[in-house]
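In structure tokens below, several structures.
Consider the two complexes below, in which chain A is the common component and chain B and chain C are the respective partners.
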Partner chain A sequence: MTAVRIEFDEPKCVAAGQCAMVAPDVFDQRDDDGVAVVLDDTPGPGQHEVVREAAAVCPAAAIHLIES
Partner chain B sequence: MNRIVVVGASAAGLAACETLRREGFEGTVTLIGAETRFPYDRPPLSKQLLAGAWDPSRLSLRSPAQIDALRLDARLGTTATGLSVADHTITLDTGPLAYDGLIIATGVRPRRLAGDQTHVLRTVEDALGLRERLGPGRRLAVVGAGFLGAEAAAVARGLGCGVVLFEPAPVPLAHAVGERVGRMLATVHEEHGVDLRTGVTVTSAEALDADEVLVAIGSQPNTEWLDGSGLRIDDGVVCDEYSAAAPDIYAAGDVARWRNPLFGVDMRVEHRTNATEQGMAAARNLLRPYARRPFAPVPYFWSDQYDLKLHAYGHLRAHDAVEIVDGSLEDRRFLAAYRRGDRLVGALAVGLPPKAVRPWRQAIADSALWKDVT
Partner chain C sequence: MPHPYPTAREPRCPFAPAPEIRDMPPLAQVEIWDGSTPWFITRHADQRALLNDPRLSIDEKRPGYPHMTRSRAAGAPHHPPLITNTDPPEHTRLRRTVNAPFMVKRIEALRPRIQRVLDDLIDEMLAGPRPADLVQAIALPVPTVVITEILGAPYADRELFQTASHVLVSHDTTPEESAEAGGRLGAYLGRLLQQKMAAPGDDVISEMAAKVKTGEMTAPEAVTMASAILIAGHETSASMISLGTLALLRNPDQLELLRSRSGDPRFVAGTVEELLRYLTIVHTGIRRIADADIGLHGQVIRAGDGVVFELAGANYDPAEFPDPMRLDLTRPARQHHAFGYGAHQCLGQSLARVELQVVFSTLYRRIPALALAVPFEEVEFAMEGVAYGLRALPVTW
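Our next item is the complex of A and B:
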């Protein structure tokens, strides 16, 4: 079974919030500056598709997925 | 479908290539790029790169390994010069190339003043070239107080430059964000020592009293290569609500003018997130001609100016009225809502937590009635 680990490059984050919109169970945003927060860096299989979508739509290319 | 050709190797083209693979397309994906670099991010050009905070390598949108995994037939430093719809063939400067599916993502280039050799800001080379001319005591003139010009002005002040910012309208950005928000932004620039001169149309850079001149007066779509192809060109490649320009031909990103069914208007959006979203949508619709979905996004952009970060959602440009519905302009912590007809069509937020802004984005996506949300 595929495992997905999320690596988040926080300094690149532009606080667009696209990830939290696409995968709200995995990503949130800080209240003060909107920078993304990873709620679960090894999400279960049910989240893999939306996490891939979140990485694809991130306008700062700040979300990297390690799939194994 | 055996070969899909994506013309344009920036954010929209990359998103199209990735989506084709994620959706299981196993044929040849040919990526044509006029620039010699693999896809890189442009918003930092007027921010971190111009400020000297980032090295250009940080702009790469994907690592070499990620690019390899896409198994692209990548042809960088290659320019498309023509299209024959009937023959399913494009012409490159290296020769003809047949396609089964085509995604046009050739972007835009900066408008310039007639005959001038001033700075523009579109590529890594543009940003590095301007960066090395800026510093304490240097005087920079910025022509055009749109978001690009305003961001560059803010960065140049941070580098110790004297900055004069020219804008033909009475208030900068008024057409985009409305007069009150535009006036607030004007005040912010003046507080930071920018010499803002509104109501001034600059037609030549020669008369400007400055060491360097940056022209940021908008951009024009790269569509000349499509002249005579039969595709409709009207300030961009004209597409339907599926981002289709013709059978088997889609357009995405800055170059595409499509009918956004959420607002019922034709729009061409030069926002970073739109490039990715439309590249994805175009690829999906191309692969699934019988299960196409309209491309109906809530456009979004952000802008960094000094310590302010603006987030804007929706179709603000054609608004009839603006209302501050949360916070205040004086505090520089507010949410402005934009109305067109009886609908909420846009929202612009500064300094508010995301949780306070998300419902507004959702209301725009739902085409909420103005009276129900204000």
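Our next item is the complex of A and C:
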């Protein structure tokens, strides 16, 4: 079974929030400035598809997935 | 000879970019208004790589920057540091100070209010005479009501800022007209900022007023930011609503599909992404200047060269979107570049998405007989702005 670990490069984050829109169970935004927060860096298989989409749509390329 | 840019867009469905743009090699050059010949990037993969490349700068004050218009070039030296003219890390800091109102959570919380605004406008249109102009009845008021409520600007003042912002985004505007309209809008928002400093409300100008008080932001920065939010926040969404409706009326099978699945939020969200791709309303390119030499497709973009990214090129790139001329609401389209890409991607994109999701899930369900009231050839397009749109959309039902 594939495991997915999320590496989030916070200094690059421009707080566009697209990850939180696509995968709200895995990403949130900090209240004061909207910077992304990873709620679960090793999400279960049910989240893999939306997490891949979140990484793909991140405009700052700040989300990297390590798949094993 | 480099092709002149921006190119005239064909005022017809599928609203695709001009053939001469679609047929260009991946790295081309175009000639812009001042006679300069910036590089021109049209492929999705190249845009993705370069729009996050620190060797490209958005610093509009640098000589050689490929400005969009003469007015923009004239205004550039006078702008304070903004999210639209700074690179990371300064850009990152500035964007984080203005980002909070556009967070997904806060925008999602507005969804019921946006729905009510739309429902009331539809009731009003249905109670009025036929045909009606969908631009004035629905497309323009929905985003205008919403952005004025977010900012805390009275809706009654809309004529002032609608006129001023139309002048500011038009390509036909002289530098003098642009300075006058900018001054008028700035003075209006400056007064509003002062009022909110004295009597704050639950809105974005009040939030900025609080930051001005603590020194986190200067008053001119707050006014410039509020102008940008107001300008970017209504005409673009209005264009997407009217053009999207026109595109769906021209593709009845897709309209039927949307109507039958308008209760499915995932389908509606996908519809909005595909319409954003298909319409790509921003048709003047996004602009950068090279900070260092960059090799691409066997050529070299030299430090100091201007670079223009044609968003519709990426959104009609068959390598990314097979059969791009087809409006296909079932297509995964979220990776489109309609909002740009990279650190400067549209600040208000979540708001635009929610507004469009509400409109496209409601309008055709509530008015199943919606139809054009004039032949398609008589629908008048507005091509002079940063984004294109419709002057009017006469509809009946």
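Everything that follows uses one rule, which is that the second predicted complex is superposed on the first by the 68 of 68 C-alpha atoms of A that agree within 3 Å, B and C clash if a C-alpha of one lies under 4 Å from a C-alpha of the other, contacts with A are read in each partner's own complex, and residues count from 1 in each chain.
Here is the rule we go by: contacts are C-beta pairs under 8 Å (C-beta built on N, C-alpha and C of every residue); 3 or more make two chains touch, one makes a residue touch a chain.
Everything numeric here is computed off the predicted structure, so don't read it as measured data.
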item	value
Fit or clash - chain C, chain B, common chain A	clash
Partner chain(s) touched by A:60 [first = chain B, second = chain C, both, neither]	both
Which of chain B and chain C A:22 touches, first, second, both or neither	second
Touched partner set for A:52, first chain B, second chain C, both or neither	first
Superposition-derived comparison: chain B or chain C, residues of chain A touched	C
Intersection of the chain A residues that touch chain B with those that touch chain C	12, 14-18, 20-21, 29, 31-34, 56-57, 59-61
Residues on chain C engaged by chain A in the complex (per definition of touch)	52, 88-89, 91-92, 95-97, 99-100, 102-105, 334-335, 339-343, 345, 347, 349-350, 353
Residue ranges of chain A touching chain B (in the complex, touch as defined)	12, 14-18, 20-21, 29, 31-34, 52, 56-57, 59-61, 64
Touching residues on chain A, where the partner in the complex is chain C	11-18, 20-22, 24, 28-29, 31-35, 53, 56-57, 59-61
Touch list for chain B against partner chain A, complex	11, 15, 18-19, 22, 41, 43, 58, 60-63, 272-273, 276-277, 280, 300, 302, 309, 311, 353-355, 358, 361
